[in-house]
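You will see subunit A twice below: alongside subunit B first, and alongside subunit C after that.
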Partner chain A sequence: MPPQLKTLIPLFAIFIFLFLLGRYLLVPESFGEQGHYRFNSVAENKDLSLQYAGRDACAECHDDKALEMESDMHAGLSCEICHGPGMVHYDNPKAGQLIIPDQREHCGLCHATNLTRVDKIAQVDLADHNPDQKCIECHNPHLPWEIAE
Partner chain B sequence: MGNCRVKQSRRKFIKAAAAAGGLLATGIVNPFNAVIFATERPEDPTKPWWGYGIDIEKCIGCGRCANACKLENDVPKEPFYFRTWVEQYTIKNDGSVKVESPNGGINGFKQTVPEADIFKAFFVPKMCNHCHKSPCVQACPVGATYDSPDGVVLVDESYCIGCRYCVQACPYGCRYIHPEKNVVDKCTLCYHRISKGKTTACVEVCPTHARILGDLNDQEGELYSFMKNHNCLVLKPHLNTGSKLYYNALSAEVR
Partner chain C sequence: MEQHYQYLYEMLSQVQGFIYPNELDLQWGLLIVLYPYITGLVAGAFILASLERVFNVKVLKPTYELALLTALAFLLVATMPLVSHLGHPLRAYEILSTPHSTSAMAIFGFVYLWYLMVVLLLEIWFDYRRDMVIWARQEKGFKARIYKILTLGVNDISPKTVKWDDKIGYFITVVGIPSAFLLHGYVGFIFGSIKANPWWSTVMMPVIFLFSAMVSGIALVLFIYMAVSYIRKQKIDMKALDTIAKYLFYILILDFTLEGLDQIHRIYEAEESFEILSLLVHGPLFLTFFIFQIFLGTIIPLIVLGILQFYKPREFTRRVIYLVSSLLVLLGIFFMRWNVVIGGQLFSKSFYGFTDYKIRIAGSEGLLWSMAWIIIPFIILAFLLWLLPPWKKVPAEPA
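Entry: the complex of A and B
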């Protein structure tokens, strides 16, 4: 064996060992299982908690309201569009009170006059149509075309 | 004269070397291709390959999707970062385009252009396109963002180093740095919901059914029939990102 190799071989062996050790310590578990990423992260993304329960969940208890809504223009809308996320309330009905928006601006999000949504939805000029009253004083939001006297 | 000085044998050598070099280069690059695009559309039709449809004709710009997304996914209300947002496009009679998105549309829109000047106007909801050949995934230096096996582009929060390369790489502007966590954040297509059989928060609250979540592998599915029945386009097709967000009635003005 040439004398140069006698010193170089152990040196290379140490480098290779250190590289493998570093790699073993630094590459996280499940990295590269399915591609160039940590595969456990897929499960971590799945495990996040839900906030929106979905319409069917609401209808399990509030079936009367769900049925009522089906008879008018707001049929098919999800309860959580207006009432906000309801998963906490679904898990524990006593906790997590949902919101009941009563401001004119809330109805205006969909129904305020805007040329961009013309012909798509019933529109109201908020500045002109009974500006001092709340929409829900006359319109039942579950049955919007049933107008209170 | 110059030609004569190059020997025939040298010319042959250069030719052979170029061919060998080319072969070697493709041999080196190809395996990397396989790493970058590791996720392929599942051939088994029972396995999902998530896609998304947006019907611009139906969107009324209520901004409930942007609001629901923030509540579902713990996106900070302010500063104004969004995983999904709505833009109001107004095309004026003189051909100029005005795009507005005040607070992503969460507080509603006002038409700021006088009616006489408007040629046409529409709302465009925007979100991550969940590209199959995502520029953001390719830009990530540490493998903290990736295509899941069912075609959703996800972020590994614990592995992201917050270098912002992907924010720059996304041609659709769909990523932001989470101000509290200091890592990148983006639409996950509500991966925690869709993997439990529920739909995304934005689809859940869309009052006009302008948003459709679907499995592109499911030929009986809603998204499949939406794409079949409408003339669907993707944003920036010239970039060849393999976007899986399909828009109906997409105007050329939309960027």
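Entry: the complex of A and C
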């Protein structure tokens, strides 16, 4: 056998071995068990604590607000869209206080003029529509079309 | 209402006609143009080198090692535009550790690895082993140590062993030709297999990519050979230069024919996507397709190199013509990649509109970063030429 091959063959064998060793060490545990992904990630995601409680959980205590919501344009929206994630508050009402947004910009997230949703959501020009007042001074966010005098 | 129109005009200034919202922004930019371009240069340079070795075109001897080192310098950088495009360099190894058998891109990792480890590095090693042993003895200090390491301890330079270098090197080049075809044909396959995109989806794509790769690689070696000779103040071997230009001319004809065939087929078939593709090449791609790729990058070099096959002006004029032609071909092939990658994303899959692409200067997808990936192979090549100068190779003793 030529001396070149006497050196190269073992070198390539070492390279292939290192590649396989690297692969063995780098491929995460449980990869490929159920498909081309790390199966443990399913359990890890399942173990994450919930942040959002959902409308029904809110309605258990705040049934009056839930009823108001159902009767107007915001029926179908989740409470936590405006008030933020409420799981901590649901578990312990005294511990987690939810936010009560009152700024014009918050309403503007959905209601500021936007060409793509002009026929879906009522639009206002924030710079033009009573610019010095808060939206909630006239509109009850739970009953948006019940406009205060 | 007035303000609605203002928003509308603002959005319309970026698109023409109708497009889907997710088509507004191009996912693949300049870096993805560079990926097939650089890979093509590698395959082309290697195939030029194999002409000398396998097909016995002895007149190309002065460019043999130069072509191999050029191929290596560019191959080392070929995947870098992809890595910088994805932006997760620390996860790049996953393409090799957990490849999915249905992912065209994942299999490219192995095609690349095969080409680098089994073809290019081995061929260069066998070609230079005898010289490295001699240089290790002649040089002193650090450089001698590098040569010693590079010989991998095989210091036997008896005629019998050197003959083995030649034999195995020849065998690797023979294996290397289909490997080079595979490497670049595969890059074409990655685009050609995307059936949702009518600008890409053609079985001709791997073949077209392969021939344009050969054209660009040969033009690059032609340019580098002239540049290196100029920097070293050495006389250019005009016979070698004329022969490279001759091969450039032949393969350019083949490349142009194949691309023409693809377009004629497309025009005659006139499928439902034809109208938008016709608008594409006459509109957003007019400059890069008709002017840069076809006129400057193909027709002018074809005419000029074609004339030189019948009429030979004096050496200096020929050198200027070769220099300009090689640069034009390199420009043309760059814009061929541009027209494929960018062009394929400019039109809406609804076939009713276009979006726009503007290159950013800075940033990870920007012009400066892309230019760095074009310049770095030249720096690597300069280093390789310093370490393994083809002109210092010790001629073999007559047997």
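As a working rule, the second predicted complex is superposed on the first by the 108 of 149 C-alpha atoms of A that agree within 3 Å, B and C clash if a C-alpha of one lies under 4 Å from a C-alpha of the other, contacts with A are read in each partner's own complex, and residues count from 1 in each chain.
Methods note: a contact is a pair of C-beta atoms (placed from the backbone, for glycine too) under 8 Å apart; a residue touches a chain by one contact, two chains touch by 3 or more.
Everything quoted here is computed from the prediction, not taken from an experiment.
By the touch criterion stated above, A:Thr7 is placed in contact with subunit C alone, subunit B being left untouched.
Applying the stated contact rule after C-alpha superposition, one finds that A:Pro101 touches neither subunit B nor subunit C.
Contacts of A:Ser41 after superposition: subunit B is touched, whereas subunit C is not reached. Once the two complexes are laid over each other on the shared chain, residue contacts for A:Leu115 go to subunit B and to subunit C alike.
By the touch criterion defined above, A:Ser78 lies against subunit B but remains apart from subunit C after alignment on the C-alpha atoms of chain A.
After overlaying the two complexes on the shared chain, residue contacts for A:Phe31 are found with subunit B and with subunit C alike. Of the two partners, subunit B and subunit C, it is B that touches more residues of subunit A. In the superposition on the C-alpha atoms of chain A, the part of subunit A touched by subunit B in one complex and by subunit C in the other spans residues 31, 36, 114-115.
Residues 2-5, 7-8, 11, 15, 19, 22-23, 26-27, 31-32, 36, 113-115, 118, 125 of subunit A are the ones that touch subunit C when the two sit in their complex.
Subunit B meets subunit A in the complex at residues 35-36, 38-39, 57-58, 60-64, 68, 71-73, 88, 90, 107-111, 115, 118, 121-123, 143-149, 154, 156-159, 188, 191-193, 195-196, 198-199, 201, 204-205, 207-209. Within the complex formed with subunit A, the subunit C residues making contact are 3-4, 7-8, 11, 93-94, 96-98, 100, 117, 122, 126, 129, 152-154, 156, 161, 164-165, 168.
By the touch criterion given at the top, residues 28, 31, 34-38, 41-42, 44-52, 54-55, 76-78, 80-81, 84-85, 105, 108-110, 112, 114-117, 120-121 of subunit A touch subunit B in their complex.
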